[in-house]
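Look at the two complexes coming up: chain A is in both, with chain B in one and chain C in the other.
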Partner chain A sequence: MASQLVWLIFLLPFLSFAVISLVVRPFLNGSARLSGYIAIAAIGGSLALSLLVLQEVIRAPGHELLIPRVTWVVIGTTELDLGLLVDSLTAVMLVVVSGVSLLVQIYSQGYMHGDAGYSRYFAFMSLFTGSMLGLVMADNLLQLFVFWEGVGLCSYLLIGFWFHRPSAANAAKKAFIVTRAGDFGLLVAILALYASSQAGTLNIKELHLLAETGALGGTFLTWAAIGIFAGAAGKSAQFPLHTWLPDAMEGPTPVSSLIHAATMVAAGVFLVARMFPLFEHSSQALATVAVIGAFTAIFAATMGLVAPDIKRVIAYSTISQLGYMMLGLGMGSVAAGIFHLFNHAFFKCLLFLGAGSVNHATGTFDMRQMGGLRRRMPWTFFTFVIASLSLAGIWPLSGFWSKDEILAVAFQGNFILFLLALATVFMTAFYSFRVIFLTFAGSYRGGASAGAGHGSQGDGHGAPSLHESPAVMVVPMVALSVMAIISGWFNLGGEFSGFLGEKAHPLGFFGALANPLALLSLGVAVAGIVAAYGVYGARWVSAEGLGRAFAPLYNVFIHKYWLDELYETVFVRWFLYTFIFGLMELFDTYIVDGLVNGAASLALGGGRALRRLQTGQLQAYGMAIFLGVLALGLIMVLIR
Partner chain B sequence: MPFPILTTIVFLPALGAVVLALLPRPGDRLVRYTAATFTFITFILTLLLFQSFDQKLGTMQFRERVPWISSLNINFDLGVDGLSLTMVLLMGILGFLAVLISWKVEKRVREYFIWLLLLEMGVLGVFLSLDLVLFFLFWEVELMPMYMLISIWGTGRKEYSATKFVLYTLTGSAFMFAGILVLYFSTGQFDMTVLSAMRLSENGFPREILPAAAVFFLLFAAFAVKLPIFPLHTWLPDAHTDAPTAVSVILAGILLKMGGYGMMRLNISIFPGVARDYAPLLVLIAVIGVLYGAAVTLRQRDLKRMIAYSSVSHMGYVLLGIFALSPVSLTGATLQMFSHGVVTGLLFAMVGLVYDKTHLRDIHKLGGLSRQMPIIAVIFSIAGLASLGLPGTSGFAAEFLVFLGSFQSQAFPGIQLYTALGVLGVVLTAGYMLYMLQKVLYGEPKPEFDDTRDADFLERVPIFALTALIIAVGLYPASLTNVISLGVMPIVGRLGF
Partner chain C sequence: MTVGLQHYLVLSAVLFSIGFYGAISKRNAVVILMSLEIMLNAVNITLVALSRYVTPVAMTGQVFAIFVMTVAAAEAALGLAIIIAIYRSRETVDVEKIDLMKW
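After this line comes the complex of A and B, so read on.
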């Protein structure tokens, strides 16, 4: 396959962005649908090429394709190049990103139908996908960072897609700034790696080699790896930089599904996997990743238990699942982490599309206004249940397999982290089925008041008429639900792990049911589902009663541990803005500028004072001259 | 004798000013078209100059040297290298666009454009002069038009701001003039290229009057005020706030760069040893400027003041790149000067448009404009994103090179820590830029702006042109860095790292 075709994988969506924003929108805005077709065609092309690349990479020796490089900037001996690194990790990511994005964009045609920003939406979606595809193919850290920021930009543009809503504009800004705080670490790590590697390289393969040969090592390597992880934690919404993701719900729901499944948040996990040799050679860095991952997993799950908004529950589940992936990576297994990313992409995308479909019908995301949708929206219900079972980790759906691998590596690595992960399994199953029972079971609790009252909360889908979504939305959901069932089977014989260069200990399709660890996690998950049924389905105990019984915990969870308040009010508003920056402003006005104006006043005042000497009276001048001569004469006499 | 292209470039705007002055009772249209014609031809000439510049030669090119005051060894001496070429090109672009941006000036039109053209001549002269006396003359020439433009066509406390600007700059110039005289009396030279080759900081002066470090700082004072560095920056927000739009564009776009250019051309070239000795101090000031400027920006509520303070922060990157003293950092600093010129020029143009339409600059009173003025909103956003260093825009390429060059610099141990602190500035920049964009453009549309209009055709030309330039340089910075590094390499060579 010609190397130009590989470049096309990410250039096609960029081209689509350019055509839509420079041609279709200014000149052909009457035919907005065209934008959707262009974007879908471009992503379809990318997917086809990605599949070809995957096939070639599987065949290639060492699972890597060599692509010629292009020079970007040369200054003296410093040369910055552009190049593509296409190995097994890249190939997997390419297929996931372009595949999920294609389905999301097809779905979006129905979902965004009639929106004033239809063309703009597809332009941004193309740019988003193109940036993510470019990110996973980058062969050096500068290029990776360029696309990394590109992904950040697109999430900013898409979260704030309905920019006239103050909440959306706020959420977009928050996402960009919080992730940029993490990017600070990444950027410094990139600079440090460049400055410290003898040859001055940002090439990822060369950096791997430097870490493996020990040329990079010790405390320096640890800090560089932690800097990289800071960037990853920002993008992948790991504690303490997770706060932007729940707010990112303000974007259109298909955007959420793309962000949560394949683009944005996957970038952080991918980055750690991509730079894994650097982590591998620093036990502290690896431990940091594992601990943050495990903590984030359970931490986010607790908030998912109580959130009343369907999208927020799914968002917390994403943060939690990303924590699992980081845990897998931190325990030393790239394959476990990436395999979970792979499976998660499909069922998480599906969950969001399902939530979008529900909103399409009800006009709200508040589960307290739903209920009984099972009969009205059978396809949505059916696919949603599959996705939830997969997320909860029920055999033989995809989530079961990859979650089990992570639990297995955690079990071998650190028992405390394993227990955290196991507890999270229970919570995951519980909140997933809480959503199902609240949304689809029982009877409809929304109704007449829903239409107007929630217009601002929903995605602009006004009067609810409780219908199944159109085929253009349902078909992608069905396709994803097939993947949510079978995608876990790619590693039944350890094929997926082997492709990523790791030896796996496959359990086998039925063998898993005989494995004690797998049985334990399965049992815990089932317990979670039963508990959810008990509270929200059969109502053996009332949810309100539980909330009252555990009021302190409930308050902590529902207020998101007050971290938003801590960051935004205490740290940013009070400490930074009012105190530090305020002092600086006072300093600027009264000290720095005060001195300048003071100097001017001094000159003016001095001038006024001196002016009094210029009386214009000849007698006075004569007197002064006389005195001066006298003084000079005296001095001369004295010096002699 | 070859065609004296540099002389032509410098004096063509002045010729335009003379023509404008001599036109008998011209209508405003004629005045505008005349100004546009002269600045456009100047722009084309700077493009031609860029085209015909030999991109393999690291020396002065197109040198024109005519004895002027022979008894004092003063020459009319022009020349261009990679550094000055970039700045001249920037002036050529902004000079023409400034005329377009000023198209709707209605007050004393002829005078306005005369001053604007003279301003362009002064700036071009500064960048092309190789003789210190000539350099100083052009440096001073630029003050008069600025004073007039701010105090007559400005808004608010315009006389105060204009006076402050002129007095502040003059104070700096006085130090520089003393420095130039000391240089002359201790070497007998006004020629920058000869002075640079004398290696004064290693070999010492032929006749020492003052220590090299003292002369270094005499010259530095003028550039420090101009750039401006912390804490000599307070003239800038005032001048910007009260200047008319096009003058803000020129001021932020190119006048500030005279400071950075002077530091490279005189301070580092002539006194590399002193530059090395004082690099830690100056890098520290640079980092303070970056963070301090960004912090104070966040506290402003006037759009122009915000962008003015953001310039203080961005010029901190320039200072950092210059005194990190590595080839990459110096190239990055120069690219940052170009990029900041285009980006901040565009930002001021956008603020000008918003102000024209709404008569407001207070971010708490503006809001939701993207519905009423979609084109302005898009371009304003792109400018803001470029300013916060988004990849794909010139801002990223420049900042990244500054950081990379500073991080690998051997100027002094520990510079990595300073650079890392400087990188922290990009988070703050993202903070204030997105905050500003949100306040002005997003959120609920306000009914009081329902009658406003989006940018018309004439207004679109300059802002589209600048946007295209930002993205072009961002995607392929080598188009400029190849030229810049030619100018930087000889300077770095003298540093002897």
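After this line comes the complex of A and C, so read on.
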């Protein structure tokens, strides 16, 4: 396969972005549907090429393709190259990103139908996918950072897609600024690696080698790894930088789907996996990743238990699942983390598309106004249940296999983190089925018309009429539900782990049911589902009663631990407004204004003093001229 | 005693100094104008003397002196006109009292 074709994988979506935004939008806006077809054709091409690359990588010795590097910039003796690093990790990510993105864009054709920003939407989606594909293929940190920021920019543009809505504009800003806090760590780490005598290179493979030989080590390596992890935590919404993700629900639902499954949040996990040799050789850095991951998993799950908005429940679930992936990575297993990323991409994408489909019918995201959709939307219901079962980790769906692997590595690593993860399994199963019972079971509670003024807005689908979504939306959901069932089976014999270069302990399809650890997690998950049925299905206990009984906990969860308020007060008001802006005001008043006024008064005072010389006395001037000539003459004589 | 270049130069220097002294110290604008004429003529003497003794063939110095005299005549005419104009408006030709051109 020619190396030019590999470059095309991420250049095709960029090309589609350019064509849509430079040709279709300005000149052919009457036929906006064209932009959807262009975007889908481009990403379809990327998917086809990605599959080819995957096949080649599987065949290649050492699971790596060598692509010639291209010189980018030469500054003095510093030469910056562009290159592609195509190994097993890249190949897996390429297929996930382009596959999920293709399905989401097909679905968007139905979901965004008739939106005024139809062309703009597909232009941004192309750019988003292209940036993510470029990110996973980058072979040096600088190139990676460029695409990393491209992904951040596109998430801003897409979360704030309906920018006329103040909440959407604010959510976009928040996503951009909060992730920027993490990016700062990443940038510092990149610069430090480049400047230090220990590393001095940004090439990822060279960095791996330096870490493995021990040339790069000690405290410096730990801090560099933690800086990289800070960037990853921002993008992957790990505590304490997770607050942007629930708010990011303001974007169109397919965007949330793409952000949560394949592009934005996967970037953080990918980055840690990509730089894993650096983490591997610093136990503190690895422990940081594991602890933050495990804590985020359970922390986000608690908030998911009570959220009334279907998209927010799924968003908290994403944060929680990302915590799992980080836990897997932190426990030293890239394969476990990436395998969960792989499976999660399909079922989480499906959950969001399901939520979008529900919104398409009811016009709201508030589950208190839903109910009874099972008979009206059988396909959505069916696929949503599959995705939820997979998310809950029920045998033999995909989520079971990867979650079980993470639990297994956590069990070997640290018992406390394992218990946290196990508790999260229960909560995950509970909130997943809480959504199902509230949305699809019981009787219909009125949709958007009942929810007017409840703050939970729909995606502009106007007057709702209960109906199943069109085929263009249902078909991608069915395709994803197939993946949500089978994607876990790729590692039945340890093939997936082996491909990523790790030894696996395969359980086998039925063997898993004989493994005590797997049975334990399965039992916990089933218990969660039964508990959800008890509260929201059969109503053995009323949900309101539970909320009152555990009022303090309920308040903490529903208010998201008051973290938004805390950040607002501490960082925005105190730090930004009072401290930074206060300092700037002082600087402006005393330094900038001082300089300007000082220059003016210097000129004024100087003028006042010097004008005394102008006496108007003709003869004084004459004398001065004479003395001046005399002085010049003297100087001439003396110099000669 | 033969009169040589030095004698002319000394004469010129003496005349120039007298003129300068007058121009700086006298208050009457007409006297200042006269002193200026003396200074110009002192320069003329130098020009002619140097021309005669240093480059006797080329008559540059003499020609230059003629120019100076022309300019001096024009200058005297202008100067006197200005002085008369000032006298008409301010009724004085005392330069210490003509000091409006200042801050």
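Quick note on the criterion: the second predicted complex is superposed on the first by the 569 of 640 C-alpha atoms of A that agree within 3 Å, B and C clash if a C-alpha of one lies under 4 Å from a C-alpha of the other, contacts with A are read in each partner's own complex, and residues count from 1 in each chain.
Note that in this section a contact is a pair of C-beta atoms (placed from the backbone, for glycine too) under 8 Å apart; a residue touches a chain by one contact, two chains touch by 3 or more.
Not measured: the values here are computed from a predicted model.
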Report task. Considering only the touch criterion stated at the top, classify A:L546 as touching first (chain B), second (chain C), both, or neither. Result -> neither
**Report entry** Which partner, chain B or chain C, touches more chain A residues
**Finding:** B
Query raised in the report: Counting only touches as set out at the top, which of chain B and chain C does A:L419 meet: first, second, both, neither?
Result: neither
Report task. Using the touch definition from the top, say if A:L517 reaches chain B (first), chain C (second), both or neither. Result -> neither
Query raised in the report: When the two structures are overlaid on chain A, which partner does A:T71 contact: first (chain B), second (chain C), both, or neither?
Result: first
Report task. May I ask you to decide whether A:Q614 touches chain B, chain C, both, or neither, giving the answer as first, second, both or neither? Result -> second
Report task. Applying the touch criterion given at the start, work out whether A:D593 contacts chain B, chain C, both or neither, answering first, second, both or neither. Result -> first
Requested in this report: Look at A:K173 in the shared chain and tell me whether it touches chain B only, chain C only, both, or neither; answer first, second, both or neither.
Outcome: first
Query raised in the report: Given the touch rule stated above, what does A:L566 touch, chain B (first), chain C (second), both, or neither?
Result: neither
Report task. Would you mind listing the overlap between the chain B footprint and the chain C footprint on chain A? Result -> none
Query - chain C residues within the chain A interface of the complex - result: 20, 23-25, 32, 95-96, 98-103
Query raised in the report: Which of the residues in chain A end up touching chain B in this complex?
Result: 71-76, 78, 142, 145-147, 149-150, 153, 156, 160, 163-166, 169-170, 172-173, 176-177, 180-181, 183-184, 187-188, 191-192, 194-195, 200, 577, 580-582, 584-585, 588, 592-593, 596, 600
Query raised in the report: How about chain B: which of its residues touch chain A in the complex?
Result: 164, 167-168, 231, 233-235, 292, 295-296, 298-299, 327-328, 331, 368, 370-371, 385, 390-392, 396-397, 400-401, 403-405, 407-408, 416, 419-420, 423-424, 426-427, 430-431, 434-435, 438, 441-445, 476-478, 481-482, 485, 488-489, 492
Query raised in the report: Which part of chain A faces chain C closely enough to touch in the complex?
Result: 611-612, 614-619, 622-623, 626
